[in-house]
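One chain, chain A, appears in both complexes that follow, with chain B as partner in the first and chain C in the second.
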Partner chain A sequence: MLDARGRSCPEPVIILKKAMISQENSYEILVDNKTALENVTRYAEHNGYQVAFTQSNDDFTMILTKKQAGI
Partner chain B sequence: MNLKNEKTAIILAGLLIGVISALLVVFGNPANMGFCIACFIRDTAGALGLHQAAAVQYIRPEIIGLVIGSCVIALVTKEFIPRGGSSPMTRFALGFFVMIGCLMFLGCPYRMVLRIAGGDMNAVIGLIGFIAGILVGVFFLNRGFTLKRTYSLPKIESAIFPTAQIVLLILLITAPVFILFTAVDGGPGAKHAAILVSLGAGLIVGILAQRTRLCMVGGIRDVILFREWKLFFGFVAILVAAFITNLITGHFSLGFIDQPIAITDGLWNFLGMLTVGFGCVLLGGCPLRQLILAGEGNTDSVITILGLFAGAAIAHNFAMASSSKGPTFNGKIGVIIGIIVILIIAVANTKKEKLA
Partner chain C sequence: MENEIKLTKLASCAGCGAKVGAGTLTEILDKLPTLHDPRLIVGFDKSDDASVYIINDELALVQTLDFFPPIVDDPYMFGQIAATNALSDIYAMGGEPKLAMNIMCVTKQMSKDTIYAILRGGYEKAFEAGAIITGGHTIEDIEPKYGLSVSGFVHPQKVLKNSTAREGDVLILTKPLGIGILTTAAKADMVEPSVLNRVYEQMATLNKTARDIMVKYDIHSCTDITGFALIGHSYEMAQGSNLTVHLDSHSVPFIPEAYALAEMGMIPAGAYRNRDYAEQGVTVSKNVSVAMQDIMYDPQTSGGLLMAVNEKDATRLFNELKDSIEHVAIIGHVTKRGQSGIVID
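For the complex of A and B:
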């Protein structure tokens, strides 16, 4: 679980970018504002991940799953 | 959340913002200064008597509108979230020296774009410096630079700054004797659109910038970091729309010489905006974005803005701000100190991370 809560732009995406070096099939990342939610979603989708999230209070728990499309 | 239309949205918003910015000059704002966050904060600081530069004293309603516009739309969309506590003093210092850089160049990144759109080639040199500063900032971001996280705060904490904007508006309208205004023909401070026009422009741009996350430093930064073009499209849209509007209204004049409220010294235009680009990357956003975030309840951005205010006041009190005559010796010293301070802040907050 990556925790990007409270981080300024563009740190949440950098945290994800660094984690994605290991090419996992799924990631969980926690953010706490809509801008970060959008930025992480955009980066994940560009890199072939599907994004789902749940919200509790101000926190968004994002689940990123690698799309299983053929290359 | 729909990310499919966001590029179209930010292009349309940018085009509208570009037109509004260029039209404000027609309505009375200084040339190539429909908006300038640095100049307008400086003018407001002067009106409050924080500096005594008689040519640049006016409570700029654009700033008030930006904060209130962002605040209102954030309340509507439930994005108003009181928070703060991410290295406040460091942000103050960064804001301070970003302003020193802005007042060397004579403009924030937003006005830099408007100056380019008006044909001011000195601003292109500024843009090169700005990009250089962003590259240095990105170097540290990639190595783990962070000002640490923000935390939730009581609502009152985040209500103070937007409320202060209302107080500023009342002071502007009632004009008590202790508020200083540049005399007619006394300098850029005397040039302004009618209060309602300026306020309305600020409100509209504030709302658009809040919705689209527009950021003048974020555009170039995200392209370098992630090959992500969304914010950059907003940057370009403002430039294109302001350029076309300037052509139509007769406010386009190509060249280096005799540009309005500008210096022609290439080296210091470059270094001034390098300071701004570097500092703004570490802050996570340009001065415009800081105002928008402040409206959303982010008190770290409020502290940054107070740093900008302090920087503006000191820049004029210490004769560091440039004028059309050129940069000052004190200003050059200020910019060099600024680059060193920002570099120290960058190094001190960069921890080499071990990759898992």
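For the complex of A and C:
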């Protein structure tokens, strides 16, 4: 689980970008603002991941899953 | 020169991205009492770029103030950009800046050399604009900030408000978009220095040339594109004029590198605030990509002028602008009011 809470504009994406070097099939990342939610979604989708999230209070738990080729 | 700490590291928000959202601001301003004076022909009732006060039949005073935290590490460049941005509000009203005052916040970590370099950048831009900086006010703060309060003059009959576009007008934009996205990506070291230098030069380019050419034509309305982005400022023009602004996304100029960075989520919080503020009044055609929409919601620092010109003058104005302004483009037109304030194709 990546924790990007308390980080502003580009930082949550940078945290994810660094983690994605390992090319896992799924990632979980925790963010606490809508800008981070939207920016991480854009980055993940741009890199071929599907995005789902759940919200509790101000925190969003995002689950990124690699799209399977051919689907 | 000594530059002990990166200026942008001392700031939590970049440039005009630090601006408080338009929606929030309107709510607050609505509660404040306002005095009416027949000579005050532009106040804050239409959220225009500057206030305008008539002195006599030939002369009106234009006043504005703008300042923000560092958007660039080089203090001299920061000074130039902040001053260019502040002077722009006078140009957007069709006026000429004459007097200016510094407004500055410095931190304990900043050296005298750094402070001097910021001020020198401001003075040089004011000089280029034909304005004189006569003093100012500096206080200590936890984050650096710099800008100018500017006074200028305009003929009372030639004031260009942001709320007076007319049906049939053609829209011209004089600088490419993407500044907020690029400066956000720069914080993540994702922009080539050569690209960034081009971005800084663009922000430090006065809207003086655009203004000087514009005033020779039949312009109905003008504003400069800053924190509220192309869509936010166009929306204000549409609402104020009670018309619909049509933007042709394929013609909207942007810094090429901004597109891929938008796709990667390098989008400043201000862009989302702008979208939240305006999107109910915006109809977007399905073929406009999310990245292009992000670019049009991207807050600009020291952006270009958006002019609504009589369609009969549009081609001649555009051609003359094109001779001296590289990225100027015709980006849309104005029609009678439809369902939405803005339609994007």
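Criterion: the second predicted complex is superposed on the first by the 69 of 71 C-alpha atoms of A that agree within 3 Å, B and C clash if a C-alpha of one lies under 4 Å from a C-alpha of the other, contacts with A are read in each partner's own complex, and residues count from 1 in each chain.
The criterion applied here is as follows: contacts are C-beta pairs under 8 Å (C-beta built on N, C-alpha and C of every residue); 3 or more make two chains touch, one makes a residue touch a chain.
From a predicted model like this one, the values you see are computed outputs, not experimental measurements.
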Is A:I21 contacted by the first partner chain B, the second partner chain C, both or neither?
-> first
So, A:V40: does it touch chain B (first), chain C (second), both, or neither?
-> second
In the overlay, answer first, second, both or neither for which of chain B and chain C A:V13 touches.
-> both
Residue contacts on chain A - larger count, chain B or chain C | B
Have a look at where A:D58 lands relative to chain B and chain C in the superposition and call it first, second, both or neither.
-> first
Contact residues of chain A, present in both the chain B and the chain C interface = 8-11, 13-14, 33-35, 38, 41-43, 46
Which residues of chain A touch chain C in the complex?
-> 8-11, 13-14, 33-35, 38-43, 46
Interface with chain B, chain A side, in the complex: residues 5-11, 13-14, 17-19, 21-22, 32-35, 37-38, 41-43, 45-46, 58
Name, in rising order, each residue of chain B that touches chain A in their complex.
-> 1, 3, 6, 79, 81, 83, 86, 141-142, 146-152, 213, 215, 218, 221-222, 225-226, 228, 230, 283-285, 300, 353, 355-356
Chain A partner, complex, touching residues on chain C are 12-14, 17, 184-185, 187-188, 190, 262-269, 272, 290
